[in-house]
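Following this line, the structures themselves.
Both of the next two complexes hold chain A, though its partner changes from chain B to chain C.
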Partner chain A sequence: MDIWATIPQLLTSGITFGAIYALVGLGFVTIARASQIINFAQGEFVMLGGMITFFLLNKIHLPYPLAALLAILIVVLIGFLLHLLVIYPLRKASLPILLMATLGASLFLSSASALFFGTLPKALPPFSARAPFEIGNISISPQSLWVLVAAFLTLFSLYLLSHRLLLGKAMEASSTDPLGADLTGISRNLMIFLAFGVSAGIGSVAGIFITPIFYVSYYSGTLIGLKGFIAAVLGGWGKHSGAILGGFALGVVESLSVAFIPSGYKDGVAFAILLLILYFRPKGILGSPFIDSRRW
Partner chain B sequence: MVDQVHKEFRKRDLLYSGALWLLSLILPDPQLHYRREYQFRKRDLIYFLTIIALPMIWSDPHFHHIMVLAGIHAILALGLTLFLGYAGQISLGQAAFFGIGAYTMAILTTRCGVPSLPAFWASGLTASFFAYLIGRPILKLKGYFLALATLGFGEIFLVMVRESPGLTGGVIGIFDIPYFSLAGFIFDTYLKQYYLIWGILMGLALFSKNLIRSKMGRAFLAVASSEDGASAVGIDVSRIKLSVFVIGAAFAGLAGSLFASVMSTANPETFSLNLSVLIVMMVILGGMGNLYGPIAGAIFLTWLINGLSRYQEYSLPIYGVILILLLVFFPDGIGTRLRVRLIYLISYSGRKRRREKVEL
Partner chain C sequence: MFKIKKLTVHYGPLPALKEISLEIGRGETVALIGPNRAGKTTLLLTLSGILQTTEGRIYFEEEDITNLNSHQIVSKGLIHIPQGRHIFPTLSVLDNLLLGAYTKRKEKEGIEKGLEGVYRLFPKLSERKEQRAGTLSGGEQQMLAIGRGLMGRPKLLMLDEPSLGLAPRFIEEIFATLKKMNQNGLTLFIVEQEIHLTLSISHRGYLLKNGRLIREGPASALLESQEIKDLVSI
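Let's look at the complex of A and B:
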């Protein structure tokens, strides 16, 4: 069968996609663990990470590592600004208003980046310039391995942040028990502020790692952000491990679907999975610590 | 709505007191639905006469065209305000129902040769049928997850439209949809379309007003304030949510069919997430739980987008900034906030005297 021969190759590309979705999903989870807000501008952080690195590398001619580092810093700054200018003034607003505000911020960031960086799609050079190596008849590009490494390093550092550092504990406390956090002297606004910075950082790392594989253009952030969010819901909303598992599951299913249905439907598959998981098991595969709270 | 009000008099109130007084003549009462009976008021007459007279006073085809678009947006916002403003649920999928209505109209009139009026009703029915199918499973969700599920439905709709070129014309869409015609009378100029759309809008607004005052409308408000409380007093919460979702989708479908017949084209670019966001913005800026507000919000945002379009590539960033600023400064609607300030302004002097008396 022709279809079955392509399955291993599709599987490897699915795992690469999965690592990307997992990285983006981790950004959503970081904010949700600190404030129970969904930041729809998360995908724009990914887009901006790639765009700014491209700009620094090709227009200002900085060396690659320096450009990447500077891009991460700039995106973290944008994340802080997003919190200060949009989320903080609306901290007492109701859910639809917060939702619309982050969607408005996403619209602003994507269209502003089209203005600054142009509307043409851009690609970064791969990190290690080597030809894709072959195992059997599957070809794996080295950049996919870089993405996998990035996903697991991010997971590990988030694990350290939330399980080994007092700061991470304070972030989670401000979401799970706001009154208790206030009583113990945690500044909740500061925690949400920091969570936005961390999440923007994760997003920009994801953007820098994936831009060598996929072209990034000003409108690509929205879709990748939504898929990262679907990954986080699929694995278990609010869990780091859930975002990773959901990301890989979503990536693999989406890639394999190409073998069986026309490839134009590929974007619909993720949303169909979203509807199914929300209907049959809203807390996701691994279960969710937040699902009974007031916002969802 | 009134509990988020600043209780102090601020100097900036003096700045906009004149504008507030003018607005008080036309703005609807935010607490309208608490009154037992609705009388025909003077301001209803003002609205009606304004709608009739406006295109004659300002007889400019461009103005008529923008007001036609504003009317279509207002029908969409009216449908969503029942769902979002009254029943307190959020939907980011209205654009999909709008698209379903537009494609039903397009396919029925161009391929099957059905007259406009049956196609118009059919598009409302199709949209509500899909709303029933999709609403049964997803309306048990709340808050962010409901928003995400409806957004997912919208995206699936777009993918389906793009991938079935045989039925919907794919990415290119359907062209040459005939103008709306009624018993041989063809609505072919912008002026005629203006009266068609605002007439339908007035009918739908009357329908919504009666709906809000019915038993079911009161149930929407009960569901919005507390689902547990509503089910405790014997309201079938899931049925109420489903019916308001279906009604909102039917409004969106009717608006979609009008859009298809006015624009003569239907293509998937129109029905993207941006349109859903725009509709939700209209309802939020118009004020939750208020029927005229979203209509005013629709007119305001349509004119805003039209005004911004001259800045070309700068228009989208400016639009995003304006949306965020409006949300930050008027989180409970422009009209609601201004009216509450007005009420405070009028009662200020009296209250100050009373306060001093108590302190003595």
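Let's look at the complex of A and C:
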């Protein structure tokens, strides 16, 4: 078969992947805008979103929308707890220590999930039970469209939070100038606490929307978290539009690579992109307000 | 209005400030002068709740504010404009000013009035209110830092080296504005290396050396003192 014939289909699935990476990237950006912390437990929020919804739906037998909503609330709570139990006690520690702590939290959350929900992969039913749309010889699953909708709604609400509300600006201020924020009476700990909640919420939304497409298992958070991180760095660290652009770029490139190289290398492509961007343009495609280009 | 009693602060294991006692009356401009590393910035950071005290008490309007959080202190009207300005570079000038009123964010009318007041003092900020603060010149950033401080409606404004890194004409402009602010009734506590200029707009001054206050008195008397002359000649 001609490889060019598969391109439109790969492009379509790349866009779906891209929307997922963008959502996960937005979670990273939310915390980065409030605190400079890179939260490597971000992927676990995604995993937990899917996992808890599955549990509420199939074990507690709640209706689907209620299960999803409750799962989001529980993951937000976990985000708050992560801040209170791990980040807040380390508030005077240096950044590398905080990164280590989030890595530790990530391991803890994924192991806890294995103990609690078991190690078998799980899938959620699609939101709308209808056949995929066929356009020419491309097939698009309705769930992919749901993922796109989720990504754009999340972006829109984050935009409102960060650029319209004083709260979002106060969060950004705590990140860009901690001392300045303290001296204007902004409680930085509260800002970071809220950012962890919002970020956990975004992660869980991503998890709920993608679990009907992919299986979720206790270890799936790590890889998706890293991909989201790459998306956020690629587009421009700390920028919402950057995470969205980086997510789609990563998804599409990764997906198209399958046409040219063995699909086993697909995940490698993402990390190759990360290395290239860090070498040649560390502030990302759109530039980053938090990375001073003069430092490179 | 403001009183410090026998304040001692440790920076790590070493004492940075030893038994500092000073007083600032309502409507005064008080200068704190001293060589580098004397502990001036440490004192201001302690007064605004960033550093913890080891011993001693701080009173603001008869209330004990020792070791309160920085946001509690700001909301009481004790506002510190730090050395190096510390404005928020990624946000617009207007957003910086609005965040200055963060502890009073519910009082819309006060914020409007505050903005008008700041723009009257610094018309440049009004022209540039949509601009990102990081793109302002050094002098404009200092104006923004002072404007942001004023937005918190201070009863006592503490300034740490407002002249640092500025061109001479900006320094004079800033000090003229400080004098005007004091004439309008604002109490000022200024930490400076620009000794003459600072004492010329101050009522009283203190001299800090090696973490201790070694002299105090009316600004005119301090200007004549041997210690100040020694300091200037270094």
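Here is the rule we use: the second predicted complex is superposed on the first by the 291 of 296 C-alpha atoms of A that agree within 3 Å, B and C clash if a C-alpha of one lies under 4 Å from a C-alpha of the other, contacts with A are read in each partner's own complex, and residues count from 1 in each chain.
In this section, contacts are C-beta pairs under 8 Å (C-beta built on N, C-alpha and C of every residue); 3 or more make two chains touch, one makes a residue touch a chain.
As the structure is a prediction and not an experimental result, all values here were calculated from the model.
Engineer: After the match on chain A, would you call chain B and chain C a fit or a clash?
Structural biologist: With chain A aligned, chain B clears chain C, so fit.
Engineer: Answer with first, second, both or neither: which of chain B and chain C does A:Ala173 touch in the superposed model?
Structural biologist: Touch status of A:Ala173: second partner only.
Engineer: Per the contact definition in the header, classify A:Trp4: touching chain B only (first), chain C only (second), both, or neither.
Structural biologist: In the superposition, A:Trp4 contacts neither chain B nor chain C.
Engineer: Pick one for A:Phe260: touches chain B only (first), chain C only (second), both, or neither.
Structural biologist: A:Phe260 sits against neither chain B nor chain C.
Engineer: Once both structures are overlaid, what angle do chain B and chain C make about chain A, taking C-alpha centres and a multiple of 10 degrees?
Structural biologist: The vertex angle at chain A equals 80 degrees.
Engineer: Who does A:Ala112 touch here: chain B (first), chain C (second), both, or neither?
Structural biologist: first
Engineer: Does the superposition put A:Val86 against chain B (first), chain C (second), both, or neither?
Structural biologist: Touch partner of A:Val86: chain B, not chain C.
Engineer: Check the residue A:Tyr279 against both partner chains and state whether it touches chain B (first), chain C (second), both, or neither.
Structural biologist: Only chain B is touched by A:Tyr279; chain C is not.
Engineer: More chain A residues touched by chain B or by chain C?
Structural biologist: After superposition, B is the partner touching more of chain A.
Engineer: Is A:Leu103 touching anything from chain B or chain C once the two structures are fitted on A? First, second, both or neither.
Structural biologist: Only chain B is touched by A:Leu103; chain C is not.
Engineer: Report the closest approach of chain B and chain C over their C-alpha atoms in the superposed model, as a whole number of Å.
Structural biologist: Minimum over all C-alpha pairs of chain B and chain C: 5 Å.
Engineer: Per the contact definition, I'd like the list of chain C residues that touch chain A in the complex.
Structural biologist: Residue positions touching the partner: 48-50, 69-71, 73-75, 79-82, 86-91, 95, 98-100, 102-103, 105, 148, 152.
Engineer: Applying the document's contact rule, which stretches of chain A touch chain B when the two form their complex?
Structural biologist: Per the touch definition, chain A meets chain B at residues 38, 85-86, 89-90, 92-97, 99-101, 103-105, 107-109, 111-112, 114-115, 222, 226, 229-230, 233, 262, 264-265, 267-268, 271-272, 274-275, 278-279, 282, 294-296.
Engineer: Enumerate the contact residues on chain A facing chain C in the complex.
Structural biologist: Those residues of chain A that touch chain C are 166, 169-170, 172-173, 176-177, 179-187, 289-290.
Engineer: Chain A touches which residues of chain B in the complex?
Structural biologist: 4, 84, 90, 137-138, 141-145, 147-149, 151-153, 155-156, 159-160, 162-163, 273-274, 277, 280-281, 284, 313-314, 316-317, 319-321, 323-324, 327-328, 331
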